[in-house]
Structure formats: structure tokens, C-alpha cells
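Per-chain numbering from 1; labels A, B, C and D assigned in written order.
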Amino acid sequence: MTYTLLHGGTVVDVSGQTLTDILIKDGEITAVGNFSHLSEGDIQRIDCTGMLLLPGGVDVHTHLDSPLMGTTTADDFESGTIAAAMGGTTTIVDFAMQTPGSTLLDSLQVHREKAKHKAAIDYGMHMCITDLYDGAIDELPVLRQEGVSSLKIFMAYRGTLMLNDGQMYDVLKGASKAGSQVCVHAENGDVIDRIAEELVAQGKTGPGYHELARPPKTEIEAVERAIRIADMAEAPLYFVHLTTEGSVEAVARARSVGMPVSAETCTHYLTLDRAIYDEPGFEPAKAVLTPPLRTFEHREALWRGLNSGALSVVSSDHCPFCFEDKQRLVGADFRSIPNGGPGVEHRMSVVYGKGVAERKITIEKFVEITSTFPAQQFGLYPQKGHLGVGADADVVVLDPQGVTQISAGSQFQNIDYTLYEGWSLPGEIKKVFSRGKLVAADGQFVGQVGNGKYLQRAGY
Amino acid sequence: MTYTLLHGGTVVDVSGQTLTDILIKDGEITAVGNFSHLSEGDIQRIDCTGMLLLPGGVDVHTHLDSPLMGTTTADDFESGTIAAAMGGTTTIVDFAMQTPGSTLLDSLQVHREKAKHKAAIDYGMHMCITDLYDGAIDELPVLRQEGVSSLKIFMAYRGTLMLNDGQMYDVLKGASKAGSQVCVHAENGDVIDRIAEELVAQGKTGPGYHELARPPKTEIEAVERAIRIADMAEAPLYFVHLTTEGSVEAVARARSVGMPVSAETCTHYLTLDRAIYDEPGFEPAKAVLTPPLRTFEHREALWRGLNSGALSVVSSDHCPFCFEDKQRLVGADFRSIPNGGPGVEHRMSVVYGKGVAERKITIEKFVEITSTFPAQQFGLYPQKGHLGVGADADVVVLDPQGVTQISAGSQFQNIDYTLYEGWSLPGEIKKVFSRGKLVAADGQFVGQVGNGKYLQRAGY
Amino acid sequence: MTYTLLHGGTVVDVSGQTLTDILIKDGEITAVGNFSHLSEGDIQRIDCTGMLLLPGGVDVHTHLDSPLMGTTTADDFESGTIAAAMGGTTTIVDFAMQTPGSTLLDSLQVHREKAKHKAAIDYGMHMCITDLYDGAIDELPVLRQEGVSSLKIFMAYRGTLMLNDGQMYDVLKGASKAGSQVCVHAENGDVIDRIAEELVAQGKTGPGYHELARPPKTEIEAVERAIRIADMAEAPLYFVHLTTEGSVEAVARARSVGMPVSAETCTHYLTLDRAIYDEPGFEPAKAVLTPPLRTFEHREALWRGLNSGALSVVSSDHCPFCFEDKQRLVGADFRSIPNGGPGVEHRMSVVYGKGVAERKITIEKFVEITSTFPAQQFGLYPQKGHLGVGADADVVVLDPQGVTQISAGSQFQNIDYTLYEGWSLPGEIKKVFSRGKLVAADGQFVGQVGNGKYLQRAGY
Amino acid sequence: MTYTLLHGGTVVDVSGQTLTDILIKDGEITAVGNFSHLSEGDIQRIDCTGMLLLPGGVDVHTHLDSPLMGTTTADDFESGTIAAAMGGTTTIVDFAMQTPGSTLLDSLQVHREKAKHKAAIDYGMHMCITDLYDGAIDELPVLRQEGVSSLKIFMAYRGTLMLNDGQMYDVLKGASKAGSQVCVHAENGDVIDRIAEELVAQGKTGPGYHELARPPKTEIEAVERAIRIADMAEAPLYFVHLTTEGSVEAVARARSVGMPVSAETCTHYLTLDRAIYDEPGFEPAKAVLTPPLRTFEHREALWRGLNSGALSVVSSDHCPFCFEDKQRLVGADFRSIPNGGPGVEHRMSVVYGKGVAERKITIEKFVEITSTFPAQQFGLYPQKGHLGVGADADVVVLDPQGVTQISAGSQFQNIDYTLYEGWSLPGEIKKVFSRGKLVAADGQFVGQVGNGKYLQRAGY
């Protein structure tokens, strides 16, 4: 049939809700409105009565099939994108790591190869710069042409990932000139390394000490410094995974004077807290991710930051390592546990259930932070991120009366635990469309591996 | 014909632009999309090729037919709403003044009578509280039922309009309880009165001294105080006509910690500056409006504030007194000149020409600050403020290649001067639709007086 | 004998401690040093071995024999200054109230008459302005000539004491021109009156509700406003009795940009907290003073403020009303309880015992905030406030090994309670000299009523 | 004779001025006061009528006989301390550089040897840490016992002097534990290196571009970062040579919340400005010092900072390289010019002439920032830094009616230029006493080389 009509649902966008229909043709939204006059012949009607129709989720922070800390993340592009689709995310932007000794462009090709033929939903890529060899900056315009309009740098992990302030300045300048933006992992890694060493010297080696080694001030300092350096480089700046009240304040101050600074937080910082680090045995290792989970006060500040606009994106920072692998790889102390956790599958459900259903945010704000803003920030809008005419028909059909159950046993992520084990949340994703094709329906993956397209992203 | 189709234009909303068609039925937008399949029989096609289709302007700060400073504003609801329509504004929210000795409800009826049968576009009303008699607070829920969900109070003009801090607290509390919001004129009137007296005592009586009597700090102090008092009353707060960098910073700080504080600035603060006060003779009286025009530095801060989101609305503060009347009414010194100036007709054109065309703001931001945000802030959205399905078909057809000429001689405002005399601006408003009916076309008013409806506004 | 030699003690001033002798002649310090070469004939040697020699306390905030809230404070200049002397305070600056219907100058004479022949220690006077009649400002230079170089105004108590912002501006301007400074009671009285009314309307009439009627934000707002207005008037500003963290921050900000803003806090805000308001019966009335006592967090912020220099003075705000009178005068609710409490006698002992002995401040800081800074701030330095050559020989001999017991039964203040009942504090004042004459010795008053001199204070 | 009596002058200390005498015995002040009763036999009376008696200057930032940037500073301890003495400075604290490949303790001995037998006035030493070898932190308590209670670290000059943030944290922690403090050179060296490289790549190689390579934000960022890191390390922090308004604000904020942060600025930042960098030829090289000279606005902010207390010390940062040597050593661009300039000789005269005489600061503030505060900050008080009983008799006799002429030709500094060439300043230093001995008199050095003592400084 030529047309698909999503009929009877409530379409949500950033500024409101409308009881209306969506007409899809050739994978795109061709019209929004009331279409009683359309003949039945060429149209597939899908009844969405009582449902919310949301733009497909855009998760701009995932690490699939990615070499990190001596191992590889547990999800490849197949399991990872299926899990994403099942959770209502129809677009990811994954981090391509720079291979040591290799150019940025070559490293990108390596990562693109991993995705090809495997992705079940559309995907773009950021490029991580961890070794600023001569000529690296010159490749930024080429990357930009390849649709990679965002770079990532690290202010932590000296010796493996970290750039110094001068290199950060160079990347910021070069990116700005190329029409790209820079994503920053903002933690003062040098101070963290010293604190970690102090803890280990005191015999504090268990996984829970990971948290104490990375106190809030190590993040806040780095955020303030990055803002200053971006200001000197006259370049836009995007903070990944912010976790503290002080960081939100710093970003808010920068934005209030018109600086092009944006920031994300992640599902787990909004809905979990540091209590897990006090649990016995190796359990805290499940939350050995960076930055660590924080106190309740910081968590509330993050919700406030989303509502005030200081924070504009919620990502998953999906960087999964099996609990079993964490146990296998831990050496003398917490420093050798792979840093990261799963999340791409449950981001939409958890933020809806804990945010919208508990009235911390409106449904419009939910759409904004899980789809519209990430798409706009990373050059995917208006193709992705809204349910407007001409956009890709990436649609989530969510039943506000339904319930979502989370458990490691039933998840699609290729990992043996979840931080939301046993949670039962209001709201159930019934159907997910990717470019007009049904990919998830009533808990079953009905899409096709390899159908996901590489996204050429626009510049900043 | 049943349907009107605006065809071939670029539809703009807050988050982007789409080359698509708008289908109108019974005064509402019934669909957005591509409608080649529609039969020609029942449809009026309007060619909008090359045009921008914008949601009709929403001007939330006008004073029509209003008793102020011993006289009455020069535009009544007929001339005022025709001028608005000609300038692309399809909704106004006018300030009903409290008549001395009269209740709020009675005062509202008086003002509604003035509008009935005269308005050419839709209109709502705010209620000004200038005398907090016993029982006034009890009327706020009734006003709310009448669709008046916003009150206005003055921190200046002791003896006529001003409330003290305790009364402001009472109004804020009462409004919040009634689901209404409070608009504040933030200037420290008591200090201003003292400075003005000093100036007059020094023989500085000419109209240009109006500016010196109201220095930026008198506004900033009042803004900070009002935020503190709203915080204590746990009530939302809306600032009318902010003009200074310090005010923008204060609002930004409040918003960044999640306080429900919003603010507007006006066309003239964004595009003019204080130089007029240095002109000879009575000329400066044209800009005797409150607060006064400021320096270039403040003006730039206002544009920054719009872009950062600290400011969310641009209004006209249309409060016209003929230059001739200003001359007739001036007494011993500048203090007796009626405070106010015209603007409802040129708000959209001037902000477009000076903002969008000069790349200070994007076209999306233009829609946001002139239409979407004011509609949302004042309970008119989604009926007004966007071009979505179900919304009133208030549409502005703007030719970005056209030019707008402004002069007192050719304006529709019933007043003998304009602050933008002789300006020639990029962008020309070709057609304006109010609820699907053409009201302005190629510089002619083609609507009908009395067709404007009173708008029941939703609460905060 | 011609000379008195205080021998063997440790002399403390703001920048250090010296084991040396003080030589006194004709009521003044004539030399500091080692005087073994002096012949014994003409010298009275007083052994101070093991003692600290401190400059006599300067308490710049007392209300003696003062009409307030329909009654009169319990201490007159005789009992009040004897109590001060016993507690190591050798100078007070008392507040002369403006008598309703009377001029400032006449009111000052009335208050000076009350002091004459009664004061046991030296005293100056501030003038309170509570009714800004025509011509009041013109009297400020005359007051200045009379040695009254500081005025006080109230931002609270509408109808009796409060001035509005314009009047505050006038007083600030006039004072600055006269070389005087303005002391401000910073609370938003209008908001407080509304909150109090709300509480009473809810049946919350008991004395403990006094606290809830005056939340921290009512003080902070007033502090910020006063700073803004003083900035506009280009005048110095002194805050009496600050109690909150936000106030300290506001003053620190102002000072850090070079504004002439200073501030005091009081003994009780530093050492007590709000718990008393939860006590049963009428007990909370003992702490019905303005502003009220605050939480522990605010208290710590005040100590920090003293150490950082944001706060420079600790006064007693001695404004005593007998508990019996508070009970007698209370009407329908807490609003009619006279506001105030005792303190001039125990300021030095309590701040020493809780501050120096508990290592919150150094002994040098103690001298600074109880003597040197208040003397400098109010035009009494170098005559008062230090132990330098040429200064009045006002000396406190304190035994750091001794102990001070406080109880209503044994105090010299003419009042039936103390907020420090039963306290036992490290440090004991052994002797007090006023202009070289012993006035307190081992717990006995040995001075002479009437010996206190009126102090002509220098300008700001 | 046993006693020396400085008679008839005005003694100045931080809190006032007294017309009195100073009695000196055995190099110490033994009494202050009026001594008409002293017999003439054993006393040398020195008439100081009309003179100001000030505590000898304490300059805590000098680099004598010091290897830097491939050469050695032009003054050794002989010429440098004679110049200091001639300019009214009786104490210096010089920076001992760590010799590459050598321990801190050995490096200290090397520098102490350079001073021995050469110093004409008393001196202490800071220790610079530029290579944090294993075990370096363990030497800090030993250094402390040697009287070196302050370390210095650099946030600039990667490859030669710079420590990274983790090393800074270690030094701060170790110093705090040892009772020492850390002085920080706060500039973001990595960013500076990148900007410098950009400039050179653009052909901007002349000496004036030194300024552009080190913009104010590179200093401000480093100041904010160092405060954050000191806060995490819970250690005191002292900033050397601050130059910008933003730095002053950052320090003020830290101090206002009670953090143990202090800061100095230097003579030249207070009295010169960036205009010299626009001069033709090699002339700008005279002001190739770090940080560079700034604009007038920053300069005014520094004076404000001194008055508000945010800045507490004025040092010379005496680091002289002859103009001839600068010319000889410059290579391809400004980066190879030795960074530094002279100043120990003129600090007191210039700050008096430009500060006190031009009423930017009071004479008491002058004493505070040039003598008392530096002595207190660096463990030299009360031996140095005031004119109290028991202090070393280091006294400057200054004639406020006299005039000081500055020129390279007549200076005692061993260098061929001065930044104050041709200046004629109010105020003339007539005599300087070092521990009671006259060392400078009417422009002649009358002291003795080798008489200067090494000062064991107390901890923080």
C-alpha cells in the first residue's frame, strides 16, 4: 500500500499535544492532520486510539563494539541496535574510538565497517580523538564531509585517552573552523589519579571506592575549565554525562551570557544514586562507570537543570561490560575494572516512568530531551527528532496505561545485568517504526538487521 | 469553498522550517502536508511560493483606549487592532486598568465593553491592580473564570499605580492560588521620584531628563526584589518590558535554579538607543516611555538574553500618546509628560528586519518570541502561537525579498509619529489571515471590524 | 602617682600579641615597652602576669532608656553602663530615638539628658530617623558637628519606624554629604507584616511564631536592596544585626567590588539558635527579638563571615525588656511582644568563650570585632579601640585560665533573664580600666556613675 | 650607646598613625611612646620631625642570582639586597630554583650559598618545585625545619617548570601536612603555548606579541582551577603576581566563603599598562615579563582589590635581565626572550608615589601591603612587618615632602633599564634601618655587605 495512517493517537512534540493523524509514505511523514476524505484503497490504517505518538528516541551517547580498557564492550551493532529499537530509540550516534597508531579517518572506517550490515536502526558516528598526531586537525573537515560533525575528547585517563589543555584548545579551534563541535568528558583526570592512588595506598581497593576517587569537585573543575578554554577558542562545546549541581550551575551561567555551551546527563544519574557503592562484595562494580552515581541532592539538581534548560539531552552512555567480565578483569584494585554500564534499551522507558509519570517533567519535555534536542544538537534535525512533515517516519507508539518490566533475564542487551533490575514502570512501548517500517511490536523485534542507515550529519 | 490551501510556502515553527502546505477548514488548520491528491472542487488554493508562513503575531502588552496620566491612549480597539493586523499581529492581550473606586470585576467589564464590536482581531485581557481594596484578592478566581489569568502590578508610580512589597506579596500569593500569574512593572519608583525631584531642583526639567531620572539600577533593583518576593510567595512571575543587562542576568540566575520567572522586552529597547534624549527641543518627548531607552551595551545584552532564553517574549508596549498631546499636557517639567509610545503595528516588521535579516536571531527564534512563547506564557497555546493541526488559522505570509517602509504618514496607528520614521526594512508582510479569513492583503485592511473574539485564556 | 604601669601581661592587638608593659598617664597610654629603667617613685605597678591585656570593648548597638513598642527598655544609662563595664565594654554607642513630632536635634538632646550624670563609661550616640519631616536632612550636618556621625533607619515596622526606599535614598545622600554614615535595619517589613497576618489568621499566635514571620529571605532581600540603593546614592552603608548566610554573601560581594559596605552581627546570632522557639509556653518570648535566631547553618556562616572580613563588628543589640513585661504586654498574638533582649554585659565573655576558646576565631580577631573595628567604623579610633600610644587607657585584663559564670541572678543588667542562663565559659575578666581608672575588679563595680564622657565622634 | 631614639616622627601601622617615639636597643624595638624622662647619657637621639616612620619593606617575590630561561638574573645577592635597602625594603624572600637532576634540599643549599656573605639585608627563601621526583614530598617537612615554609609551583612553561594538576594536588597536600603553603604561578601554559604558536605561524614574532599570547583568560582560568584543586586538597594557596579583574573576583569569592586563599600583585601591574607593547622595535622586550602588563581597566581592578582585601601583598617580582641580554638572547621570535624585569629597588617609592600620594590607598594600607601582610603571610611576623615592641628595628624614615627621581643611570640595581625611567614621585626615603643599624642615608648605601641574616620562617 502507498500510505500508512497512524490514526487516533495523540501526537506529541516539544510544544504540545494534538489529537490527530500521521500519514506516512515512502518512509517519511507526508502529512499531519485529519484525513477522513482519503479513500481506503491505498491506505493501511493503524489504530492508535489512546496511544501517545512520540518521535523515535535519539540516543547520542553509545559505545558499541568498542575497545576500551583492555576489553571490548559487550554489545555489537546488531544486539545494541536491536536493544535500542525495542526501547523506542530509532537513532543512535555511536563513538568511534581512535585506534592507537592509526589516523582518525582510518579509525572511522574501521568503526563504520563494524556497523554495516548489522545495524537495525539508523546511526551516526562521533569521532574520539585520543592521540593528537600531526595532521589530525587537518582531517576534521574531511570527517565533516563524511558526516561526522562532532568530536569527543577526554580530560581524564592520562596515558590512554586524555588530551592536555593545549590540545583541547587545538581541537576546539579546528572543529569550530570545520563546522563541527566538540564533546567533552569533563573530569580532572590528573587529580582523580592522585586521589585513587591515595585510596589504594590506604588499602581502600574495593569496587565501591571508585566513587570516592572521583568526587563532584573533580567534575565541576573540569567543566569550568572547559568552558573557559572553549571561550578562548571561540568554539561551541557539548558536555557529555554531567552529574553534579555545580556543573549544571556552571553551564547555566555560560548559557545565560550567550555562550554556545550545551550539556547532557544520563538516565542513571537521574534515577539512581550512590547507595550501590555501599553494598557488600563486588556488587558496586555494576556501577563502576564514570562519573560515578551521586547523592540525591545532585540528582534533583539534574532534573531542575533539564527543566530550566541548562541540560538539554538525556543519553544512555551505553557502554556495557558483563558483570562476569568486570569480575574477571579486576586486578589489584578498583582502577582496573572496566568503566561503563548498559542503558540504551531502557533510556526511554526509565525517563518516561520516573520523569513523566512522576511529574518531574512534562511529556513535551520528555520528547525534547530524548529526541528533539539531541537530533538538533547533532545535525540530524529535521530528518530525525520530530513528527513533522518531511521527517523520517520514526515513531514510538506508547501506551500510557501500560507497564514496563525490566530484568536482565528478559532484556535484549547482550549483558548479564541491568541497573534497573526488577523495576516496574508506568508506560509501555507498543510499537516502534523506523522510517515507516515496524521494527518492534508488543515486545518482539520485527525489524531487519542491516536495515539501519549511516547518517550524514549536518554541521554545527 | 470548504477548504483553503496555502500552497508552496515554507512553514516556520520554533524548531524548524518545512516546505509544505497548510490546509484550513472552518477557521482552523486541519492538516499540514502535501495534498496533491485533494480534488480541486472544494478547495481554494493560495499560491505562497517563495513566502514564509508564520504563525500570527501575539502581542501581550498593549494599552488601547486606556486612561493613563490624566489622558487616554490614542488608539481605541478599532484603530489599534487594525494596525496590529496590518503588522502581522493577530492576537493582542490588552491591559484593563482598575478604575479608581471600582472593583476589578467592574473595571474588567468596562474595558471589555470598549473592545466589543470594535476589535478586528482576537484579544484577551490582563487586569491591572492599582488599589488593593479589601476583597480584591477574592476576585482573582472569578477573573480567572472570566479568562483573565494574569494580573499586573506596578513597583513605580506611588500615589497612582504602585503597590508596596506586602501588597505585591498578597497579589502573588492570591494569583498563584487562583492559577493565575503576575506581570510586574519593575522599577523602584520611590527612588526614581527622589532622583527626578533632584533633577528638577537643579533646573533639569526638559523631556530628555526623563532618562536620567530612571537609571538602569532602579530597574535592576526592582527586578531582584520582585524575584525574591515571588520566591517567598512561591508564585510565578513575569516581567514586562525589561531593558538592562543586569535585569537579564537576574532573570537568568533565577531561571537557572528552576524558578518560574519569565520576562519580556520590547521592540524599541532592541532596536533604538538613548541618543534621542540628547536631541534639542521637545523631540525627546517622543521617547518618554518607561523604562527609558538605554545604551548600546544594554541593547546587545537584550538580544543575547533572547538567544539564551532568559528573555522569552518581545512585546510592543503599545501605549500611544500623540506628540501633540505630549506637548499640550507637559507642565513644569518632564514628569507630567504622558509616558508611552506606539508600536503594535511595527513590532513584527522591525524585529524581523533588525533581528532576522541582520542575523541577530534565527527565523525560528523570531517565531518563538513574537508568537509561540507569548501564546504559551499567557494561556493561548495551542489555539494561538503555532501552525499545527487544530490551531486557529492565524497566518502571516511574509515575503523575505520584499521591503517594509515605515512612516507616520502611512501608518494605521492613530498617532502623529513613530519612533521608526523613515526606516526601510527587509521583509514584507503580504497577507495576514485571522482564523482563516484574510484581514490584510498588500497593505490594505480587508478584514472586518468586530470580528475579533474575546479569548478565554487558560491558567498558568 | 603620675604613672600606672600594667606589667607582665600579653598585649593583644589586631595583628598580634606582645609580652610587654603598658604605661599610663593622665588616663592615656603614654608608652608601650619595657620600662625597667623607670624609677619606682612615681609609678603604680599592677602585676598582670599571665593575663591578656585587651583594648576595652566597644559596643556600638545598645538601646538604653529607650521608648520602643509602647514601653521603655529596662536598663537606663546607669544600670546599662555599669553592666557594660562589668563585662569589659568601656564604650557604647547608643541609639537615640526620634521622638514623634519632634526634630532630630531636639530628640538628641532628650537622649543626651538621659545619659548625663548616669553613665559609668564613655558613650556616643547614633540618631534614629523614623519620620523624615521637611528639613530633617538639613539637620544632618548639625548632628555631625554634635558628634553624631551615624544615622539609623528601618526597612521594617511600617507605621512606626519604617522609611520607604525613596526616603532611604534621601537619608543616604544627605548623610554622605554631611560626612556621616547610615546604619540600616534590613528586613522587608511589608512582607513580614503579611506573613505575620497569615500566621495569625491560621491561629498561629504563640510567641514562637515570631520566627516564622521573619524568614531569612525577608532579611536577604532587604540587604540586597539597601546595597543597591546605597550604590545609587553613592553613600556608605552599615548593616546592623545580620543573621543569615545570604546576607553575608551579599555584603561580601559588595565589598569585593570595593563598595563601602560594612556589617555587624550580634552575640546571640553567633552562639544561640532557633531551638528556643519550639519550647512550650511563653518561654520563646525571651528570644522575641529582630531578626530572630536562626539555624545552625546560618550561625556557622556568620563565624565564617567574621573570619573572611565580610562581617566586621559584633554588637550586643542590647534592647532589654523584662520577661515579666513581655508577658504583661502581649496582646492577642506575638506581634505585640516587645522586640528585644539583653546582652551588653555578656558580649565580650560569650564571644571570647565561644569564639576564641573554641578556636572559631583567634584572639586577634576577637579584639578586631569587639573593639578595633567598631571604633574605626564609628569615628572613635584611635582614641578608642586599641592599646597604642596616645589612646585612652581603656584596658581589659582577662585571665584565660579563669571562668565566667552567667545567670540572671548575678547579673548587673536590670532584667529578670538572660539568654545565656547557666553558661560557664572559659576566660574571666579580672579588671577593667576606663581612661586609666579602675571600674571593675574581681566582679565588683568600683567605678563612679557619671564619670562616663559623651564622645564626639569623627565622620566617615 | 645603649639606646637609639627615633624622635618626633609619625609612626604608621596598619590601623593608624601616632606622633610618638621609637626606642631601639640591641637591634630591636624596646618601647614606643614618649620618653622625655630618659637621661641623655646613654641615648642617641635621631630627629625625625616631619617624617613618617614605616616598618621596613618586605618583598616576598625576588629572583636573585637565579638560572632562568638559559641565562641568569642580573642581580646577585649583593647588588640585589643593596638595591632593596636603598628602596626601603629590609627583608626579601627569594625563590630558590630546583636544579634539574638535584633534590630540593640540595638545591636549597646551593641557593643559600649564593646569599651567604653577600646579603646586605635579611632574607628568607621559598623553594620552587619544577620536577616532582619520587621522594620530593617527603622533603617538605625538612624544608620546613630549615625555615622554608613556602613552595612555589608553575602552571605554565611545560617542559621546564610546569607541574600538572595531579602534581599540584600532591604538592598542596604535602605542603599542608608539613605546615607550609604553596605559591602558584597561575597561567594556563598549555593554552598559551598554542596561542603563541598560532601567532608565530602568522608571522607575529616581535616582542610585543608576548602580550597577545597570554590573554587575561589564560590567567583567570588557572586561578579558578588552582582554587578548586586547593579546595580538594584542603590546603592554603597563595597566588603570585595576579594581573586581572577576573582573578581578583575569583580570589574574592573564595575568601568570602572562608577559603585560605591569598594573593599578591606587583608594582608594575598597578602603575603601568599595556601601551609599551605597541612601541616600535625591540622596546617592548623591556616588558616581556609574565603575566604581561594589562589594560587600564584591569589596573583599576587591582587597586580596588587591594582596598577590598582580595589582594593583600604587593611584591616586585624582581627578575632582572639586561635589555642588552634580552636582545642578545632573542631567537626566531618573542618566545625566547628571557621573561622578567627589575623592581626591588623602586617598589616602595612607586607604590607610595602612585598609591598614597595619588590617594588610591591610605598610608596605613601602604604599610599593610608592602610590609605587614607579606610578613604575616610568610611566617616573618612579628619579627618583621610592624613597629611594635619586640620587633626587629627595621625602619624606613620617609619624608612626604621630598621627591624621588628614578632613572637607570642612578639606580643600584645591576641592570641597564628601568620601567619607571624618568619618573619623579612625591615622597623620599631619607633613612633606612636594618635591625637598628643605618643602611641607607640620603641616597648612599651605608650598610655592610654580609650583614643580612637568613630568616627561619614560621609555618602557615
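The working rule: contacts are C-beta pairs under 8 Å (C-beta built on N, C-alpha and C of every residue); 3 or more make two chains touch, one makes a residue touch a chain.
Everything numeric in this text was worked out from a predicted model, so none of it was measured.
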Mutual neighbours - chains that touch subunit C and subunit D alike: none
Centroid comparison with subunit A (C-alpha atoms), farthest chain: C
Subunit A-subunit D separation of Cα centroids, rounded to whole Å: 52
Separation of subunit B from subunit D, taking each centre as the mean of its C-alpha atoms, in whole Å: 59
Separation of mean Cα positions, subunit B and subunit A [Å, integer]: 40
Sequence positions of subunit B contacting 2 or more other chains: none
Arrangement of touching chains [line / ring / star / complete / other]: ring
Touching pairs among all chains present in the structure: A-B, A-D, B-C, C-D
Subunit C residues within the subunit D interface of the complex: 11, 13-16, 18-20, 23, 29-35, 37-38, 248-249, 252-253, 255-258, 304, 307-310, 372, 376, 381-382, 386, 388-390
For the subunit B and subunit C complex, residues of the former touching the latter: 158, 164-167, 169-170, 188-191, 193-195, 215, 217-218, 220-221, 224-225, 228-229, 231-232
